[in-house]
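In order of appearance the chains are A, B, C, D, E and F, and numbering begins at 1 in each one.
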Amino acid sequence: MDSVALQTLTSPVILFFILGMLAGAARSELSIPEAMAKGMSLYLMASIGLKGGVAMAKSGVNGEVGAALLAGIIASLAIPFAAYALLRSFGRLSRIDAGAVAAHYGSVSVVTFVTAGEILKGVGMIPAGFMVAVLAVMETPAILSGLYLARRGVAKAGDDGGGGLWHEVFLNASVVLLLGSFAIGWIAGPVKFEEVKLLFDGLFKGILCLFLLDMGLIAARRLLQSRAINARLVTLAILFPLVNGMLGVAVATAIGLDPGSAAAFGVLCASASYIAVPAAMRLALPQADPGIYLTMSLSLSFPFNLIINIGLIAWAARALAGS
Amino acid sequence: MDSVALQTLTSPVILFFILGMLAGAARSELSIPEAMAKGMSLYLMASIGLKGGVAMAKSGVNGEVGAALLAGIIASLAIPFAAYALLRSFGRLSRIDAGAVAAHYGSVSVVTFVTAGEILKGVGMIPAGFMVAVLAVMETPAILSGLYLARRGVAKAGDDGGGGLWHEVFLNASVVLLLGSFAIGWIAGPVKFEEVKLLFDGLFKGILCLFLLDMGLIAARRLLQSRAINARLVTLAILFPLVNGMLGVAVATAIGLDPGSAAAFGVLCASASYIAVPAAMRLALPQADPGIYLTMSLSLSFPFNLIINIGLIAWAARALAGS
Amino acid sequence: MDSVALQTLTSPVILFFILGMLAGAARSELSIPEAMAKGMSLYLMASIGLKGGVAMAKSGVNGEVGAALLAGIIASLAIPFAAYALLRSFGRLSRIDAGAVAAHYGSVSVVTFVTAGEILKGVGMIPAGFMVAVLAVMETPAILSGLYLARRGVAKAGDDGGGGLWHEVFLNASVVLLLGSFAIGWIAGPVKFEEVKLLFDGLFKGILCLFLLDMGLIAARRLLQSRAINARLVTLAILFPLVNGMLGVAVATAIGLDPGSAAAFGVLCASASYIAVPAAMRLALPQADPGIYLTMSLSLSFPFNLIINIGLIAWAARALAGS
Amino acid sequence: MIETVIRKRIEILADTPLVRLVTAAIDRCEITGWTVLPVTSGKGREGQWHEERVTGADKSLVLTVASQAHASRLAEELAPLLTSHGLLLTMWDVEVIRGERF
Amino acid sequence: MIETVIRKRIEILADTPLVRLVTAAIDRCEITGWTVLPVTSGKGREGQWHEERVTGADKSLVLTVASQAHASRLAEELAPLLTSHGLLLTMWDVEVIRGERF
Amino acid sequence: MIETVIRKRIEILADTPLVRLVTAAIDRCEITGWTVLPVTSGKGREGQWHEERVTGADKSLVLTVASQAHASRLAEELAPLLTSHGLLLTMWDVEVIRGERF
């Protein structure tokens, strides 16, 4: 684990994230233009989609893929139930807030996945290409669970967001871009990919640095301004990634994934959405407080995952594979 | 021709365009920030300008260049007359709408040219560097023809746009950037170009992918929302590129261009503007309906050129050169 | 000096700047989206910070570093006093305008520094890594001097900007980003830097081209619209860079810097801020006329430095080192 | 002097993911059109926010011009959303030329 | 209480390539200034549009503050363009401080 | 028909580095919130400007909705800055729903 921890803390990627958090905490005026941040997030998704598809074209489809996809969908559906129970009892949240937060933890964070990929690559644990598809399928099932939990027994008064919601959930920008570029990578294959590799592979880590600088700024600023967060919720925002990550690694190892992919699966379970799910919640559960769910997922669990938990998960995946 | 068709349909560049069209047709929320799209289009123009200039510095000026430039200017002036006749008779458009649409088909699409360049390079038919200058000189003459046709015999009531129009036409951003970076490439030459080659050459194809993703989205969305398009206009939007492309290849071969350059010339004739000309038309012919000219050039002719017509033109250029 | 002059005038970097100035002077509609320009300036600062830090990690800290930092701080504090005297007497400016302009000349222009770095590299005079830290520490002391000069003896009526000002000065985006990425480069070291080198080093010069295209446009447009500029102020806007540059080179050579670093130091003294200082002046000296200070620093001194003065300074640094 | 008529101008500040709900309501009221403006940052009872298009936590301003009758219908249509979805609605009289369009 | 005077605020939505025509008209009316705001998307009789700066099919909002007399002159100046160029103009009274500026 | 109350809408155009001064003044007046809109270009007595976020020479529009009393207080608070810092302030009556929020 030490090698991963060192790998993490001297990686420019993580250091830029920490710089962003420090600058945000010091209330510096530093900020990345919105359009650039949005552009970088689209780039990151297109890149990992493409690279996953190319890896898939190289390796071919095998049994593992189906198992991993199924495990991902089940995890995304199931995690919110466990999280909801704790958020209601220990976290003392209302039904609606608990449902909204639970949806975030069932879903995934693309950037956490991507950063983990770079860190794992650095220690020779390269995740399989199909993990990108697992990432894509895990984004949305959690939204269904979260809404079910939040609305159970409540008469849906004037469900205006309805039609828009399903659209948002299934044709959501990141799912379309991830799966679309996955397909393109698969069709184009490794030879054609060469022509665009410099952009989508060569620059990847550098652009991730700049993107994480921005995420650090946003995470710290939000934390400073949050009012609704208490010690119980902080505890849960650390506990969820820890437990979900370990369980994820265990399941993935059990279904036969290699250590790199098992670690990536653990990271997916550990990570919490802060892009797709918040947008869906604004539509479907407008009464839920973004001050709770965004702060927990973005300002607490996200940094914890990046700086500490990816290292722990990688260590666990190795330990389990070694046994 | 088969090799070009295959080349086209497995190229990440074209696949990203198709992904954009599909996402747009499915009304996905996916969208590229405006500032990023604008930035990428500036990058693409600076890149082809530079590369053309560098190629020119290598090859030196020869007789072909003058012939190609002249042919380009004549084509840009003449095409609108032929197109106008068909738009009035077969297309049943008003004089003003027909003039506006005709101007688009006489002018050129930078992105179609650039995409054709990549596809032609893939099959070993590299266009000469000076074709970039031909591209630049073909942008504006068509605007003059289109306006002449639209306004013939009409008393120009309160020609407010006048002064602004000539400015728009001759100092228009894409002409300035294309010719400016062409001159820079020429002055700097191949040795100095090395220093910036990674950005302007290495990343070119990758950035074209992301740009075409956006163009696909815009083209599909516009098609979905268009109300003024009927079967006659769809027919013309396919016919114009087909016929103009073939004639262009024939002329270019006749004046002695190599097959790659002849194909590029054909693509210029086939392509329709959707950036410079629409802006000029809003100023000079505000009564013309953008729902007609933008939909025809951007949502119909542009995809047809990218996906099918470039392949046909390349095949024709080869066939003619072989004969 | 001839080799540097030639180096300068055939460099794509400078040619793009000139293209921007010409397009701006011709009132072309060409423009770079704000968000892209802002993004490129953040990229340039992160890049030179990183590269400086990595160079520092390679070379280790030595006595020169401390001397250079101290000289930088003193220059930044002192230059405004000399400039102020001339701006009041020869330039005939009011106390407030003279103080504001003086602050600009004491501070530095990141882009001038960066462009000089590329030009110096081209003639084999590579500045030491720690010069980035000198750049960062020279940004703000001049603001203090300028404010002191402008406000001396004036009762500060309703000093609303106060609190915000110190914040702006010390946690200003460029200082945070420069020093932050300097630290990251230092911690990560040359091996880890390899992973992100393609973005932060490989693309550097190309992105600088596009950025300078925009700066040329902005500089020329501002000059066209300026009303408050007269021959006296134009004279000073040329004189300050000339004299400060030569004095800077002399001092730097005297304290033992190598010719490349001495030239870089001269460029820092010669350059005038047009990002950090104008923002601080709007807050702290709102009555000062931006039409004077921005036009002098951005539209006059900046082009003079880029196109002519960097060459002169490099020649002086060589001549002094040779003696 | 050119003839003008009085219409209502309504502006609604909403979270960007909710803009579609607002424009759908405008369409339902058969108002001829709407326009969306970007917004950079803000502060309200729920705290301050700043350019966060990445997390979808940003806002937009929807503006529409309508007759008094249509405007009232829109206000009523949106009223239930105002509290639940945290919308901010302001409305005032403006003069327009070619009033028959609205 | 601070003294305010009444001026007209005029806002004109126009295709971005046409903004120059609008600001030229404002200048001709000798109004002291104008300000342009970006616009993201919209819908009118000619259908919906969305962030298309690349094709020049986007719009901008020009805002200007002027005296009643200047405002009327501007409205008359722009009236012929309203229909031909599809501009949307709204105008209303606002209070300003330091009214002598406008 | 839905009940509305009258509030003041105040819009202040300011250089972006000065926005913090304006919002601080709004906070001091205990107004519930504010919203900042981007601005692209403009022209005034000091000449024309255009998208120059890089040099910090760009502007922003701050909008706030407040009761008459709060609005007057804000106008007085900002009055000294108007001339010295070149702010442009306009203010008018608007109808709002759920007026108790402001």
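The working rule: a residue touches a chain if its C-beta (ideal position, glycine included) is under 8 Å from a C-beta of that chain, and two chains touch if they have at least 3 such contacts.
The structure displayed is predicted, hence computed values, not measured ones.
Because chain D and chain F carry the same sequence, their contact can be compared by residue number, and under half of the numbers here are used by both.
With centres set at the average Cα position, the gap from chain A to chain E is 45 Å. Chain centres here are Cα means. That of chain B falls 41 Å from that of chain C.
Distance from the chain E centre to the chain F centre is 18 Å, each centre being the mean of its Cα atoms. In chain B, the residues that touch at least two other chains are 31, 33-36, 38, 168, 198, 203. Contact of a single residue of chain E with at least two other chains is seen at positions 37-38, 53, 92. Applying the touch definition to all chain combinations yields A-B, A-C, A-D, B-C, B-E, C-F, D-E, D-F, E-F. Residue ranges on chain F touching chain C, taken from their complex, read 15, 17-18, 20-21, 24, 46-58, 80-81, 84-86.
Chain F makes touch with chain E in their complex at residues 13, 37-45, 59, 61, 72, 75-76, 79, 82-83, 88-92. Contacts from chain C toward chain B in the complex involve residues 10-12, 15-16, 19, 22-23, 26-36, 198, 202-203, 205-207, 209-210, 213. Only residues 31, 33-35, 37-38, 41, 158, 160-161, 164, 168, 214-215, 218, 221, 225-227, 274-275, 278-280, 282-283, 286-287, 289-291, 294, 298 of chain A touch chain D when the two sit together in their complex. The touching residues of chain D, counted against chain E in their complex, run 1-2, 4, 7, 9, 23, 27, 32-38, 60, 65, 92-98, 101.
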